[in-house]
Each structure stands twice: as C-alpha cells, then as structure tokens.
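There are two complexes below, and they share chain A, which is joined by chain B in the first and by chain C in the second.
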Partner chain A sequence: MRHETPSEENPVKPWRKLRFFPSMQPGGWSGLALISPPFAYSLLMLAAPLLLVFLLSMWTQNYLELDRTFTITNYKEAASEKLYQVLMARSVVISVIVTIVTVLLAYPIAYYIAFFGGKRKAIWLLLITIPFWTSYLIRVFLWKVILGYNGVVNGSLLGMGFIEEPLTFILYNANAVVITLAHAWAPFAILPIFVSISRIDKSLLEAARDLGDGPLRRFLRVTLPLSMPGVVAASLIVFIPTVGDYVTPRLLGGTDGLMIANMIQIQFGKANNAPLGSALAVSAMVIVASISIVFVLLNRRFLKVKG
Partner chain B sequence: MKRPQKTNKQIINIKGVEKQFGDVTALNGVSLTIKEGEFFSLLGPSGCGKTTLLRMISGFDSPNLGSVYIDGSDMTNVPPNQRPTNMVFQSYAIFPHLNVAENVGYGLKKQKLPKDEIKLRVEEALALVDLEGYGAREAHALSGGQRQRVALARALIMKPKVLLLDEPLSALDKKLRETMQGELRKLQRTVGITFVLVTHDQEEALTMSDRIAVMFDGKIAQLDTPEGLYKRPKTKRVASFIGVMNFIPAKVIASTKTKLSLDVEALGKVDVGASDTIKSGEKITVGIRPEMLTILYEETDDADNVFSGIIVSASYYGDMTYYEVELGNTAIRATVSMRNTAGRPVLRAGTETRIGWGYESITVLDG
Partner chain C sequence: MSSKPPKSLFTYAVFYLIFLYAPVMLLPLFAFNDSAIIALPLSGFTLHWFGLLWETKALHEALYNSLLIAVITAVGSTTLGIFAARAAARYEFPGKRGIVGFIMVPLVLPEIIVGVALIVVLIQLGLSLSAWTVIIGHVLICTPFSIAILQSAFNNMDRSLEEASMDLGENKLGTFFRVILPLVTPGIISSLLISFTISLDEFIIAFFLTGTDVTLPVYIWGQLRFPARLPAIMALGFLMVSLSFFLLLTAEYFRRRANRLTGGHSQSNDGIFQ
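And now, the complex of A and B:
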C-alpha cells in the first residue's frame, strides 16, 4: 500500500484523515466487502474461541467456582508438572516421527505420479483419496484389526512361521499411533509434493544430466531442492494437526501412547479443570508454532526460489 | 585470439540415423559428418527433425536405426552425462535455486576439483561471456540475454568437444539476437570448439555458420556453405527457404555435355552449365534472386538481357525497396530488390520500366 506524504502539490485532504484505512486504494472497500463473510465467519469460529481459551487459561478453577482473577498459575503448573512435560514431549516426538515417515513414504509416490503418471495422473490422484471415502474412526478400528494380538499381521506372520508368538509392540503403544497416523495423513503429504515435483522444468533435469550428473546426483542436486517447497508444506500439514491428535492415541495408543490432547480432554472432562486444560492447549499451540517457524526458517533458501 | 588450426578431422559422424515417435517419422535416414572446430548449423522449419538430431548427438534421444560417433567412438550406449558434449538449452535451463557462479560451476563440482580452482574457472568462464562480477547474482534476477550467457558459460566451462545449441537466440528480441549472432561467432572462434546450432532462422544460420544442413521432413535436403546454399540451391524448397527466390518455368531446348540451352518464360533463351539429369524437351523451373534483376532507370543502362515490365507494388524497407514486377506481357510476376542509393526514386505501382539481368544469375532447380 502506498502512503502519501503531505506536500504542497498534494496536501492531505481533511476528510482523508477520518478514514479508517487512510491509504486504501480505490476499490479497496468493495474488496473488503467481498471477503467480509468468510472473514466474519473465521473471526467468529476461530478467533473468538481461541481468545476464550486464552482467557480461560488465565483464570483458576475452585471446585465449582471459576475464579476470574488473572494469574499464570496454570502455565506454571503446565510447565513444571512432570506428567505434562512427558506428554508434551511425547506428542512432539510422535508427530515428528509421523511427519518423517509420512513424507518419506509420500515422496516416492508423488515422484512416480509426477514423472511416470503420464495420462493416468488423475486416476492415480483419485486412487490416493480412496481411504477418505470411509470415516476416519472406521479406519482407526481397521488398523486395530490389522495390528491386533489376533490381527491380520500377527495371523499372517504366525501362519507363515516367521514368529512363534504374536507381536505385541505394534498395538496399544506409540508405534501403532505412528503407523495409523502416517497412513491417514499420506494423501495430504503426497499432493503438495506432487505439485512441486510436477512444476520442475524438465529441461533442468536434462541440463543436470548434460553437465555430468547420473540419476542419483541429479536427484539430490536438482529434483530434491526444487521440490523442497512441497516437502516443507507436506511436513507442516502433517506435523501441526498430528501433535494435537486425540482419537488415534485414545484408541490405539494404550497407556504408553497417550498424547497431550488426551490430557487436555481429561482436564476439560473428568478433572473438571478447564483453565488448566486451556493452559495446556495454549502451551501446545505455542510449542507447535515455534517448531514450525524454526522449520520454515531452516528451509527458507528453498522456499524463496521462483520457478 | 587463438583458434586451433582447422583440421579436417571428423568430430561427429552420423550414420544412417532413423527415428520414429509412434507413427511419426522424425528422422528418415540422416548421415553427415561434422569437422572439428566447425560452426555447423541444422536449419529447417519446425518438425523437420533438426532438434531430434541434436538430441541424438547429446544422448537425450537414441536412434531406432543407425549410429552416432563422436571423436571416433560409437555413442550408442553412452548416456548424456558421459558424452563429450554439452548443450545450451532453448529455455536456457538455468537452475533457479542456484546463483550464477553455482550454475556455471555445476558440472565442475562432480570432478572433485579444489574449491579455488573451481572459483577460478568459473570466473574465467564468466569473463568469456562478458559477465564478470555476476557470480553472486541470483538466477531469477537475470535478463534473457544474461541467462543465455550463463547457459553458454555453464556449458563451455566443461570444455566439451562439441557444444550443442538448441535455438539459443529464439527467446531474445530482434536487436539482442543480432548482437548475439556476432558474439556467438566470435566466441566460437575464441574457444575453437565445434558448435552445432539448431535454428529455424535462415538469416541466423547464414551469418554464423561455416556449413549448414538444410532439413525437411526428417532428411537433409542440402548440405553446403552459406554462400553455396544461397547461390546454388538444389531444389525449389531449399531455394524458397533460404532468402527470396523468383521461380520461372523453363523448357530445355538442348542438353549437351557442355551446356544446357533453356527457353525461360518471359526472359527468353539462355545457356547455363551442363546437367547430367536434365534431358532436352523437359520442362523445368529456374530460379533468379531479386537482387540479380535490375531496374534500368536510365535509357543508357544496359544488361545481358533486357525486357519490359510493369511495377505492381513497391515495399519500402529503408535501405532497400522490393518491387513486384509483371514481366513482359506475361502473367509472371517477379520480385526485384533495389538498393536505395542517392538520386534513385522509389517507383510507384503502375510505372512501366525496363528490367535487366545477367545470364549467370540463373539457377536450375531440381523439382
């Protein structure tokens, strides 16, 4: 936006000072009008509850009464209590592992579709969305069937004689959460990576070849750096929501696989301590945001590249 | 400036190359040799197979039949990264995530040279293309002309035996294109590397090349020096692709061992060099360049042969004027180009004039 400075030829008209946005361009108001319904909606549905959670986190719960004096006791408790520390750290670690596993699995798929999909690209992308045709809850239960003590994996491995007793490390712990989340979030990782690989000019790959690179070197020096915007986007898309995932650890995580969201739910529910739950939620948000910002900053040299 | 002595050593030898893409035949039996240190152009309209041929030399396409030899070795099973060729791509293919120096030094990195040497050679290469001090520039901050120079430096730093250029000037505006034509020629003389250029622009090919292969429909129609192509085009198609040519039907009166006697429509009887293939009585086409026809402004002006004409239209180009002239009392029209020297007026349509021409200006064309 252009800020006009008053000068002799161009004095600031008195009425302009009254304007809410003094440097608004012509047509700016109609633009604002255009975005106002979704803006109002997100204000109401996102910003307001967020503000409420923030407010709540500064209050304290005295049995049935809500003490409305501002205090940071809840944050002190959230930061010092060992249990919350463990849950928070575990949530971040599980999410990081889920993110790495998901992106590593998604990349070859996206690569294959972008380079070898040919005329069937659309069909491949459609196939990738198939898991979404059923509810997430059903998919989680299906993983329970697959990974369970008498489940598909154990049954097959026992039947083929690879193991003598059922594997127990694949259900009701963090491993099960990682496996399930990595599968659930794969499409969200495949799509942005696919888009960024598709956008790579094929002549750049030929140029790398021409200048002496074999397929592996060319991948590391051209394809991978140029697809990093997609990898960064995919990582954030997977990492941010999985830290706060609640259903998967609840159903598959057992006691070792519980995450911070489960504790927040407990605080709002059984423990009847909404302010502490809010403080945990805000802390989790701050931690996730900080990690995401550091991650983006670390990758900024890949992100500023213009195609 | 040092230029390695032009040897007669063959650097590229293409033998009977054929290539089909599905039902489309891109190359239909192409054989040619390119000499070391030569500036060689593949010229033709789009779809003639010139780019496919270049990609076969670079290794990005492989022939269905026939083979490519570079410096005496068969390249059939050699991938592009192991060939002694480097390419300047039509889009320049500058790596957007690297700066100018990293782009230029890209190919050296693999050779595990010490950092100082890479830096030195990058600076040398940048100096060669007049881009000293541009090393730290980001790729997206370059103009079209600069991108092209970076692409050139990046390829030349590899010291290839052959530099391949795929329509390198087509993305530049006219003025810059003309400057770069001269610079490319100069650069080629400086480094002495064999250049193989693909272009659809006949002027570009004529001004830069030592030899040109004109290609139509996946075949080489004619391979000659620029002068040879312009003066002695073999076919009507080559003649019309290179410059402007007037085509006039003629009848062969006599074909002897020493000469060919023709009766050219509107121009009259003329003797030209002998031909083995043309027999007497045959109807053929002859070509005559616009600059070989002269408008005789003065009554005293004379030529080998003079006939009358009426100017149908005049196109003024500043230095030249192109006239369309109806010859004699026939319906045949020819283009005549005249240099606009002092005191020579631009003639208006409808003016009756005398046209003169020399016997040696006629080219006999096959088909």
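And now, the complex of A and C:
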C-alpha cells in the first residue's frame, strides 16, 4: 500500500483528501459555493463589461447610429493620429517618472520603519496613511495652491529672498503632475516595500557583516535584492493606475500635462465617439499590461527569492 | 541590526512626513481664512464659509446621495467580501488563486477603465444613469479592500473554536452565526468603514456613472472651476478630513480588537496591504 504524506513537493490536493478521508466535508465544493457570489459579481460587472468595451472598440459611431460591422479603423486612428500618440506616450512617460520618484522616495521611509521603527511601527504606518483618507480632489487642488503663482512655495521663496520672481515651471505642466501623483501614491509604495523589508531574515544581515561586508555592500547585496518583491509590487501598484489618472492632469497639467484618460473621457462625453474612446482605453490597457509584464519578467530572479 | 537609526535617515523621515502632510495642513488655514482668494498671506479668522455650506442646498443633496451610495456600497462589498474571504481563508478548491486574483483585479485597474466599461454596458442596455449605477461600480472597487481586511480577520481566527462549537452540537450555520461571525465582527466593521470611506471619496467612476443624482466629489469637481466657491470648498474639505480621520481611527481600533479577539498576533503590518 502506498502512503501519501503531505510534504513541500507533494501537497495533498483537495480531491485526494476526499478519497483518503471519505467522511470529510467536501471542502472544495463548499469553497467554490462560498466564492461564487463575489466571483459572479466580478464576471458580470467587470469581465462582461470589459469584453463589451473590446467589442465596441471595433464598431464605429456614425453620428447617432452605431455601425456594428467589425473594423479596426478606431485602432488605426488611435495609432496614427498625432494627438493620441502624444497623449499616450506622455501618459506612459509621466507614469514611469512618477513610479520611479515615488518608489525612490518611499524606500528609505519603509527601510527606516522596518528596521528602526521598534515598537512604534504601527504608529508610523498610521501617520503615513492618515493624509490619504482626505478627499482626493481637494488634496490635488491643494497642490495647486502650494505650487501656484501666488502659492505657498513661491510665497515662501519670495519672502525669504531666494527668488526675485515667482517660479512658473512648477504649475500647469508635467512637473506639477509628477509632484502631485508622487504624493498621492506614497502610501501605496511604502506599504509593500515595508512588508518585504520586514520579512528579511535579520541573521542574513549579521552573516554578511561577519563575513566582512560593509554597510553599503550589505545593503546592495542582501537587503536590496531581498526587498525587491516589495519594490516590484509597489512599482506596479503605482504605475498601473497612474496611467489612467484623470483628475491631476486636468487640474494641474495645463495643456502640456493632459493624459490619455482625459482624451478617453472626451470621447465618451463631448466628442460622442464611444467606439474610439473604447479603442483608446483598450490600447492603454494593452500598453500598460505589456510594460508591467516586461517589468515583472526583468525582475523575475528577485521574485523567486523567499524572504 | 543596531537599534540606532542613522541621523540622516531620521531627518529624511521627518521631511517626508512634512511632504505628506503639506496639503492637508493648508486646509484649516484656508477654511477659517477671511478672504475670498485662496492664497497667502492669510487675513482674519472667520466661520463664514462654514455658514455658507449650511445654506447651500445643492451640496446637501450631493451629500445625501453620497452617503446613501456609500452605505449601500459598504454593505454590498462587505457581504461579498465575507463570502470571498471565508472561502479563501478556510477552503482549498480548484482554481482558487485565479478566482481570488480575478476578484482582486479592480485594485490595480485604473478607475477610468472601470467607469468606461460600466458606462458602455449601461448605454448598450439602454439603462439610465442613477445612484444605482454608481453603486455597482463602487461595490466592484471596494470588494477587494473588504476581502483583504476580512481575510486577515478570518486567517487569524483560531480554528479550534470552530471545531469546539461543532463538537458541542452546533451545525455549520449555527457555528457560523454564533461563533465565527462574532469573532470577525471587528473585521467586518473595519471593512464597512473602509469601503464607506472609499466610496464617499471616489470621483472618476461617479463622474462617469452618475446621472442627475450628483455625488459629493462630483459636486466638488463642479465647484473647483469657480474661484468664488473655493473657500467654502476648503471648509467642506476640512469637515471631511475631520470625519475621515475619525472613521479611520475607529476602523483601526476595531482592526486591532479583531486581532486580539481572534487570538492572532497583533502585528503592525497585517493591515489592508498584505
């Protein structure tokens, strides 16, 4: 008779449990039954609508009529029209910059809390999240107040005599969008990095020290690689939604800072061309997904490491 | 690791916190500032803008719509969250990772995509936009947060309590309502509060899916174009900050109590992002 013992390589599969212990609850079915309402909701309200967006993107809008013959005209237009190219490229570039800035700024904080937070870790994390439970719109608007011509930054710099004239390169352009988004997404970058740094086995750091690594080498060769899963997660959590941000470019971007979401909204609203808007949305999703997949693949050697 | 942080790192942490709090710190300044222009230097102190809020009827309607939407969203997403979190924490079933992962997708989907997807369906079905269409979208984006919170509550629960109840003759349903549910109640309250807060603040989906029932963020968005209305909006923002601060602290209190009740270890990092 064969004995099957659960082990790392050979975990007991649910259906095997059933066969070996016939009196046990069929947990598999209970689990499936339990998860079916939320799953059905997601299928109905997310998967089906996304599929319809995809279909719609291949139809065409003739004024009030919708022409349901399949065509890729919308995608051709999305790819060839200069305006859409510029907006799409700008959205991706701004999001990449926002992601890099946000993660770079967040890493030291996560590191500080994880290693030196001591008993006050929870308080630090709470302190970081509190400002973000305030109205997103009002927060973004307040950056306009801070960065504006008569704003707080210009006011203080003028008052202290550092500058003669108000700075104008900080509002109504891509810089303003980057600063504001780097602020808006800060906790979403800090928390995953914090979690992965906290999970690092401290004895590895001691081993590195005992073997003669200095603080910098120890950081580069032990801490940083082991915290990469958090960095990758943080980057994706910041990058993906940022590409689709609507409010910040609209309020702070001026004409040079508008992004693809603003154009998608225009197509669904004023321009009344939902199929083109859908094509832009699908293109944006495909581009974002491709970049994310490449990014994960580039980092896959770090992701296999179990901390 | 040595327990002394390098001074530079601590200084950085302080500056970072100032950066994080900079916008919020300005709210009370301008909410009580006796000037129609949002700029420094400040003039006198006034409560005029709060009085103005009290008299603006459109704001009250928007607030009512938002509260209604947020309450229904919170109940809806927490209910779905309980199903999913219990299934994920307690059972193994084929396709589990894929299904749970799929339900969590809205967490990383740009909100504008959710808005676009739902409005396309509504247009095709010929349905009119209303508070309900906003609720559908909000439940979709809040459910992943509910699941994350509830899953940690269900995970931390001591399985032996459940077994004891079954041994003592309760059936599955009785055990669920009399043992499991009370143990995860703090997690449920925390999930209700978090999804309520998210729904109350959500703009893009509401902007796409709201009909004549304008929500509070959509109302604010409309007001941001008129400089004369801005001081009142600052006052409104200040009230909202105070409210969400209070809600967040309450949610945090219940989350910690959940950890203690379920016998789990109160780790500082088992919040909604794990």
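One rule holds for everything that comes next: the second predicted complex is superposed on the first by the 280 of 307 C-alpha atoms of A that agree within 3 Å, B and C clash if a C-alpha of one lies under 4 Å from a C-alpha of the other, contacts with A are read in each partner's own complex, and residues count from 1 in each chain.
Throughout what follows, a residue touches a chain if its C-beta (ideal position, glycine included) is under 8 Å from a C-beta of that chain, and two chains touch if they have at least 3 such contacts.
Owing to the predicted nature of the structure, the values given are computational and were not obtained by experimental measurement.
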Partner chain in contact with A:Ser198 - chain B first, chain C second, else both or neither: second
Which superposed partner A:Leu236 touches (first chain B, second chain C, both, neither): second
Which superposed partner A:Met160 touches (first chain B, second chain C, both, neither): neither
Dominant toucher of chain A (residue count), chain B or chain C: C
First, second, both or neither for A:Leu216, with chain B first and chain C second: neither
Which superposed partner A:Ala186 touches (first chain B, second chain C, both, neither): second
Chain B versus chain C as contact partner of A:Leu64, first or second or both or neither: neither
First, second, both or neither for A:Ala207, with chain B first and chain C second: first
Shared chain A surface residues [contacts with chain B and with chain C]: none
Contact set on chain B toward chain A in their complex: 58, 60, 79-82, 85-87, 89-91, 93, 95-97, 106-107, 110-111, 140, 154-155, 158
Residues of chain A touching chain C in the complex: 14-15, 27-32, 34-39, 41-42, 45-50, 52-53, 56, 105, 108-109, 111-113, 115-118, 121-122, 125-131, 133-139, 141-143, 145-146, 148, 150-152, 155, 183, 186, 188, 191-192, 194-195, 198, 202, 205, 236-237, 240-241, 243-247, 251, 261, 264-265, 268, 274, 277-278, 281, 284-285, 288
Of all residues in chain C, those that touch chain A in their complex: 1, 3-5, 9-10, 12-13, 16-17, 19-24, 26-27, 30, 38-41, 80-81, 83-84, 86-88, 90-94, 96, 99-100, 102-103, 105-106, 108-114, 116-121, 123-124, 136-137, 139-140, 143, 147, 197, 201, 203-204, 207-208, 217, 220-221, 224, 233-234, 236-237, 240-241, 244-245, 247-248, 252, 268-269, 271, 273-274
Footprint of chain B on chain A - complex, ascending: 201, 203-204, 206-214, 217, 221-222, 225-226, 301-302, 305-307
